[in-house]
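Next up is a structure, given as structure tokens.
So that you can tell them apart, the chains are marked A, B, C and D in the order they are listed, and the count of residues begins at 1 in each.
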Amino acid sequence: MAMKVAVIGAQGRMGHAISAGIESTDGLELVARLDAGDDITAESLNGAEVAVEFTRPDATLGNVLACIDAGVHCVVGTTGWTDESLAQVKERLAGTPGTGVIIAPNYALSAVLAMAFAARAAAYFESAEVIELHHPNKVDAPSGTAMTTAKHIAQARRDAGMGAMPDATETDPHGARGADIDGVRVHAVRLRGLTAHEEIVFGNPGEQLTIRTDSFDRASFYPGVLLAIREVANRPGLTYGLDRIMDL
Amino acid sequence: MAMKVAVIGAQGRMGHAISAGIESTDGLELVARLDAGDDITAESLNGAEVAVEFTRPDATLGNVLACIDAGVHCVVGTTGWTDESLAQVKERLAGTPGTGVIIAPNYALSAVLAMAFAARAAAYFESAEVIELHHPNKVDAPSGTAMTTAKHIAQARRDAGMGAMPDATETDPHGARGADIDGVRVHAVRLRGLTAHEEIVFGNPGEQLTIRTDSFDRASFYPGVLLAIREVANRPGLTYGLDRIMDL
Amino acid sequence: MAMKVAVIGAQGRMGHAISAGIESTDGLELVARLDAGDDITAESLNGAEVAVEFTRPDATLGNVLACIDAGVHCVVGTTGWTDESLAQVKERLAGTPGTGVIIAPNYALSAVLAMAFAARAAAYFESAEVIELHHPNKVDAPSGTAMTTAKHIAQARRDAGMGAMPDATETDPHGARGADIDGVRVHAVRLRGLTAHEEIVFGNPGEQLTIRTDSFDRASFYPGVLLAIREVANRPGLTYGLDRIMDL
Amino acid sequence: MAMKVAVIGAQGRMGHAISAGIESTDGLELVARLDAGDDITAESLNGAEVAVEFTRPDATLGNVLACIDAGVHCVVGTTGWTDESLAQVKERLAGTPGTGVIIAPNYALSAVLAMAFAARAAAYFESAEVIELHHPNKVDAPSGTAMTTAKHIAQARRDAGMGAMPDATETDPHGARGADIDGVRVHAVRLRGLTAHEEIVFGNPGEQLTIRTDSFDRASFYPGVLLAIREVANRPGLTYGLDRIMDL
């Protein structure tokens, strides 16, 4: 019997793509498409076991709490979560044991794996740098993902008692060495034709390890969302980050 | 106080490089260099706590057993181990609890990590292929490392209940699709100027994950050997594979 | 004043994309969209100075000849041209001096450049191999582009009096060394998520040169088509290959 | 009969490697090894047809003029040449027609080709950036080669009447976008284990072109030096840059 799924934010770009993905996946049945203005209730969720929520930062907390109240598991891709809003989700979940909520900043499996692997590799190499490459319409540099990757690398090095990376640079008048994020250099490339890409390079004497993730289009998010839909019922309470439900 | 280390096979290419590495590493003291013809005894090991053994397939088992008998921990990089010879090491170790032996087919950290990460990523992607690139003096194709990587990927896919990878190829008159190792395609490039390199590519709709390891010279083995030297005393019994002593 | 352009094959996938491109390009005006069943005449071409023809192998020759008869320059992307059909175009052009026809097997600038650069680099390196990577729905391996690239490399080596590449391979039981195209090894990777990609690697002692082209979607053909539209009036007669009108 | 070659600066790192290369190359005979303190005369050059000069910026001009006076062709790898010192070489050559001097800032074929190809590709892409990667002992960033590559790209864009590259970046608080060299972004990575590497990326809608050069060790300079030794007699007068004697 198919698992019943609702999509909240069904008319958004992501929600639209996810709805299409659910409709073409064996074993899933799309039972509700909800958007801004719709009440999120057991009735409107129409028997869904799992709700997928991709809306906006100012709407997501209310939507998630409403799903919990309706006893529906929730897979959340909206960004903007804070320690406070996450705490509210945990508190509400405490009252409905058995209900699961998965919130993740990124559902692209290759991006999630790249970040997890980078954090694990970090303690074993003298040098590590991050190069992110995006389309030229992006307004901020470096990307949030690259910032997070650099911070995870820096944390892993601190945990292992490692010092600063080797770098004899004395003159760099134009800033070619890029951003220094917690001691990890991050470089941002903007190139017409690209979507979202990240390369993490590690070096030791005589060897290099490279981990690279390429996201070519929005379709890249669906396998991760699907994984979360299938797992959320087995994960009561709040799970933050897709890597927590992967076998890494 | 420095840890005392012996090198067995000190005149070999690897042993020579490792001896030099030990001599220039704070906290280690090289107390014996032994080679073919030398007896491996508590006396000749000269107080070493750990022996590093890089010799030849026909000599390594005898050397390791001699170290165990002398109560000296052993870090082994010689290849050619079989289930039978490994069993003999385990049996001998049973009689000297507290002694540790680490045997690993590869001590290059980037290569060990690439293989471990590839095995973990495999269950999350529809497609995976392996490209290995080596100097043109190599006599066998594909490399043993690439074979092993492909087998780990195939195993991970089987464990996850995944079927064959998508591949609509109908005509390939020249064999461009490369080797089929347990259903994983492996490609071997031979190029003047290269040393030993491996790239593992994974694909899902809209995304790609790439893991690449480059070994530029023999120096790449030393950080892994050093890690094993420092860990072996904490790992009584037989440990096979450097990944087992890494925090992955 | 805008240059007037007609598209023949306007309802096809490529023709549709090209029509949209022309409509959004300053300095170009789309004056006719023609398809199978439409007569190609001065009248139906509606004052076009240049016709862009992306149809089918069995229709392209007739369409091109009709454009020449109408005195309209022609930019042709349809494949399937033979020495015979090209000769017919040349013969017809002989009667209308001043009219230009550009026929090219590939309009993606990065692919055209990669092939041209590879041919020029070939004589300077001991080793060269080609790796092409495509989506897994492709039915043939290796790609036609990779075959052509390999043949150009082989020709450049012969022209320079170079012998076989170094390759000590003795055992390759699974065919990991890939296709042998005129002495150049070609490897074909098939991976979900990819579109069309090619990497050409060259090696000498201590150095490597890599040339890579990535085509992420059909949009990649438009800049080359645009270049040809703007140049064709300056190139009377038949020009085969986009590289011939580029300043390389 | 073998071509007779002298090496000036034979005890330097480069001169030593080049001397060894000449001795093991069929068709060349090493007839003189000269160093600081040796007079450069017809006598000390010992019948050499070609002198290879790899010394120091303050010595190279005098050495080259002495070779010209002795009627010996000269292949020069020392850096530090200025418009003034080059003019002096030209003037001296005017008096000895038939003598050739090749001066080049880089003899690694892959680096020379990468720069030449990048300059030719530049006019065909909306976006272009340069990423150089070096060992962490390098004191300046970005590398001189990357600076020159960026300037060539900028010049080619100006020559083609192209405007600024697309870049919507509004916030970059840490300088992740790297150096702005004549409007071309240059990024410098420093990583243990690397030698000297450069990657030039070009982007258009839907496509990317990548040109990469890797120098793994000093051996990479020899094929270019050899090419110059064989060509210099056919190039009377001053030739600046190895690309000028290559068939590009």
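Basically, a contact is a pair of C-beta atoms (placed from the backbone, for glycine too) under 8 Å apart; a residue touches a chain by one contact, two chains touch by 3 or more.
Nothing here was measured: the structure is a model prediction, and the numbers come from that model.
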Would you kindly say which chain has the C-alpha centre located farthest from the C-alpha centre of chain B? C
Looking at chain A with chain B, do both copies bring the same residues to the contact (over half shared) or different ones? same
Measure off the straight-line distance from the CA centroid of chain A to the CA centroid of chain B, and report it in whole Å. 33
Taking each chain's mean CA coordinate, chain B and chain C are separated, in whole Å, by 45
Suppose each chain is reduced to the average of its Cα coordinates; what separation in Å results between chain A and chain C? 39
Pull out every residue in chain B that's touching 2 or more other chains. 125, 193, 202, 204-208, 214, 216, 220
Draw the chains as dots and join the ones that touch; what shape do you get: line, ring, star, complete or other? complete
Per the touch rule, the chain C residues reaching chain A in their complex are 193, 195, 214, 216, 220
Which bits of chain C are touching chain B when the two form their complex? 125-127, 129, 131-133, 136-142, 146, 165-172, 174-181, 185-194, 201-208
Listed in rising order, the residues of chain B that touch chain A in the complex are 108-111, 113-114, 117, 120-121, 123-125, 202, 204-223, 227, 246-248
